[in-house]
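Have a look at the structure that comes next, please.
As written, the chains take the letters A, B and C, and residue 1 is the first residue of each chain.
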Amino acid sequence: MTTKRRLKPLDFGAEPMKIELGPSHPATHGITRFAIELDGEVVVKMEAEIGYLHRGFEKEAEATNYIKIMPYTDRLNYVSPLINNVGYALTVEKLFGVEAPPRAQFARVIMCEISRITDHLTCNGATAMEIGAMTVFLWFLKVREYLWECVEEVTGARLTTNWARIGGNANDLPDGFLPMLEDRLQKVEAVLLEGEALILKNRIFIDRVKDVGILSKERAIEHAFTGPMLRACGVPYDVRRADPYLVYDQLDFEIPVGTVGDCFDRFLVRQEEIRQSISIIRQASDKLPPGDFHCRDRRVWMPDKYEVFNSIEGLIDHFKIVMDGPQPPPGEAYQAVEGGNGELGFYIVSDGSGQPLKCRVRPPCFNFVAAMGEMTVGHYLADIVPIFGSINMIGGELER
Amino acid sequence: MDAILEILVNPAVQAILKIAVIVMGFVMLTGTVLTLMERKWMSAVQDRLGPNRANVGRFTGHGILHIAADGLKSIFKEDTIPEGADRVIFTIAPFFALFASIVIWAIIPFAAPIGGFTFQITDVDIGILLVLAVTSMGVYGAVLAGWCSNNKFAMLGATRATAQMLSYEIFLGLSLVGVFMVNGSVTVSTLVENQNTYWFDGLIPKWGVFTQPLAFVLFFTAMLAEMKRLPFDAPEGESEIIAGYFLEYSGMRWSTFMLAEYLAIVGTAGLTVTLFFGGYHIPWLFADGFHLFGWILELPVWLVALLQIGAFITKTIFFCWLVIILRWTIPRFRFDQIMELGWKKMLPLALANVMVTALVLLAIDHWQAG
Amino acid sequence: MDIGGALKAELKVKVVDRTRGFTEALYLPAILAGLRITVRHFIRNMFGKRDVVTISYPEEQRRISPRYRGRHRLTVREDGFIKCVACYMCEEICPANCIHIESGEMEDKSVEKYPVVFDIDELRCVFCGLCVEACPKDAIRMDTGIIAMAYTDRDRFDFTRDLLRDPYHENEKTKFRSVPSPATEAEALPHSEGKLAE
């Protein structure tokens, strides 16, 4: 039984009540505004207005060089910054035609999956909190904290990681990192079970998310949905499998899909993806090969500090890269990675100089916000909250 | 001395003293401390530390000073009244809410009467019916506050509060009918005293929760809805309509709403204990001491009274704790689901409970008559 | 549905289980099961060993990673003079344009060029660490371990050359003197391979 209400014309010449949800409203985290018309409590019309967090990333990228763009990418999807780092680095590597060595690639996979776990924990926790299960949210944030400590251990920052580089990573995984990570992952698994026991069998929670915000498979594809939102509709599309990058084709994992495409499916798909990510991290840790964590291509990689200090060639190469930036051959490249929300694509056009001619980001949640109206009309005002929670809108990514 | 005694035996003076002691000394105190304890307990559930920063010099007392800090803050905060609001109603609305949560305590006994002295403000004949009448006054606080704030979110909250409290009022009353039938009375003192009788030769006390288990669940649910606690906090619905009916309130008036909410928790706990958990009774404790299996431990009257007061307060605080822990365990219903639960599930259950109770009582009567 | 195109690895699909049975349809079992979990947390955190990640910040300090990018410092040579040769590399690579350098010449031929002015506006800084990577002289590092800078006016965030030389610059607000983390040379310089001792 669906909870969608059939809309009928208002009686007595009554007008729908216009109500503004946001931009500063507890549910519209990430700052967006919904102009809603209500008939009683049923949403008749809903328009999402975005742009409150626009910072001009794409334009800014055209004015700096390839190295200096990297810190900006941290701020795209700020709950999974490492995926953005890696996505951007892969795109520029494609322009150059260089490839990071295997150890760097496995390390990137590990860090990307940590980011995906933190992303999904935040999203599912926030969805639960907005339905009232605040305890689950705080438990999830607690284990997210554990994972961020791991991220800090590797990158030197919790959120503004700036870790991937063109042709490698800023630094290698430190000694003792993998046992620490395994310990943290076990804590994540324990908390996942506890959180699920609290809500996933609870009728109150299920009633709030089941059959709410359904978008059919066909409409989801028409809206160019990707990621957990599309998989919840039953389409097993995952960039990691559809167009494998890094070393994902050497790793074994399942793609969780839903059947109906409502908030409940999205919640379950994300929970299952956390488990798959944990399994991927374990496999990648086992397979982590020894070797370099960066390439030795002088076009993209600064010479080793030893050379810089002691040889004039090293110093000159170093100065060239810092002053002019890496200069890719003219051309264009598009590289998609599976971000926390779906296909996160970078499209970069090079004219041969140190600055990109054009940089474009394909933010996965832009399409979700565009479909908000379609998903919410006919539902109650209170249903906007879990629907909006389940699309996991991240302002930094949506509005660049 | 005699003059003072003469004044003290005056029923009116006694009532005023009891009001002062019970309301100021117990209800207000517990309610105020609960505002802090909710945050501390919730943080324990959620693996956090909870508030612990308010300090005088180096003394923090694990956060106990937050009560004073909160109070001071809301007194000194600017008390805004939105443009277009009805100033008079806006001012008095919080006190409707407060009134309803306090008046419940008029009829709740703290210990068994000693001679002519009762540990109860008044033992009115209509008893529990007074509670039903008073709790329905509580809805005015929410409705008036939401209506006069000149805010659409507040209006939505007020509408939700009206609908929710009106519908839960019905099976709140119906769930108690079973209790009245079992006891054959609505007077609180009778209801409590009957819970100190025993089955199986003085083994199991006839507490309301054993005689009327379903009524207990229904009553507790209805009271949760009446005081707008999670999972029934759709009128406040912080995630969609922000704070609902008291969205526009600030300063001390806002605090009054919050205080009313916590007093309602204490009130609910007190009522639940009185009706279903033996009130002030400790099992097997009678006016002259413990009786169990023919074994008797005699106790002086004053000690019995103290034990009973202690038992009542302990039970009440346990139920306050339960209400709070429950809030941090379960999510919130959607507004239409609350209505559906009330009318389609709770109401038939309450009616069935009345029917079954009546049939059982008839059967017992028939069997006893031979 | 074939949107993926040619698949290089085996596509394994797992359909999530959304069926809920009769016990879930009743409200009470799940609520009681949930209460059991929350009460367990409650008892553990109130009476037993606490399992919290929150720290009482100024009194308690978090262990920070040796790689943590904190406030900058300018390293010094053995004779106490700063290593910086005012080559402008860090100013060039800084994405936030928060470094301002003015160079001057030194009589001492072993130094030649040095920064007369070396200012970092820590309010603009995004702590990306690129300046450390760009420095060809190991003259700037971010290993002070100072994670919080709290001042009451903006001017105090303009760190001048001499302030940056002192890695233990005291934090006015928290009265907390950060201890620099035990960074090795290799940790401080991510690009090196540990051959600096030679």
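Basically, contacts are C-beta pairs under 8 Å (C-beta built on N, C-alpha and C of every residue); 3 or more make two chains touch, one makes a residue touch a chain.
This is a predicted model, so every value here is computed, not measured.
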| item | value |
| --- | --- |
| By number of C-beta contact pairs, the top two chains | A-C |
| Per-chain CA centroid nearest to the all-protein CA mean | A |
| Distance from the mean Cα position of chain B to that of chain A, given in whole angstrom | 47 |
| Separation of chain B from chain C, taking each centre as the mean of its C-alpha atoms, in whole Å | 50 |
| Whole-Å separation of chain centres (CA-atom averages), chain A against chain C | 21 |
| Residues of chain C touching at least two other chains | 31, 34, 37-38, 52-53 |
| Residues of chain A touching at least two other chains | 135, 142, 198-199, 202, 204 |
| Sequence positions of chain B contacting 2 or more other chains | 45-48, 328-330 |
| Interfacial residue positions of chain B with respect to chain C in the complex | 41, 43-49, 52, 217, 325-326, 328-330 |
| Complex interface listing, chain B residues touching chain A | 42, 45-48, 152-153, 156, 230-231, 233-234, 237-242, 328-337 |
| In the complex with chain B, residue positions of chain A that touch it | 17, 19, 21, 25-27, 41, 128-135, 138-139, 142, 198-199, 202, 204-205, 207-208, 380-385 |
| Residue ranges of chain C touching chain B (in the complex, touch as defined) | 28, 31, 34-35, 37-39, 41-42, 45-46, 51-54, 56 |
| Partner chain C, residues of chain A touching it in the complex | 64, 67-72, 74, 135, 142, 145-146, 149, 152-157, 160, 162, 170-171, 174, 194, 197-199, 201-204, 206, 210, 217, 221, 235-237, 241-244, 248-250, 252-260, 264-265, 268-269, 271-272, 302, 304-306, 308-309, 315, 318-319, 322-323 |
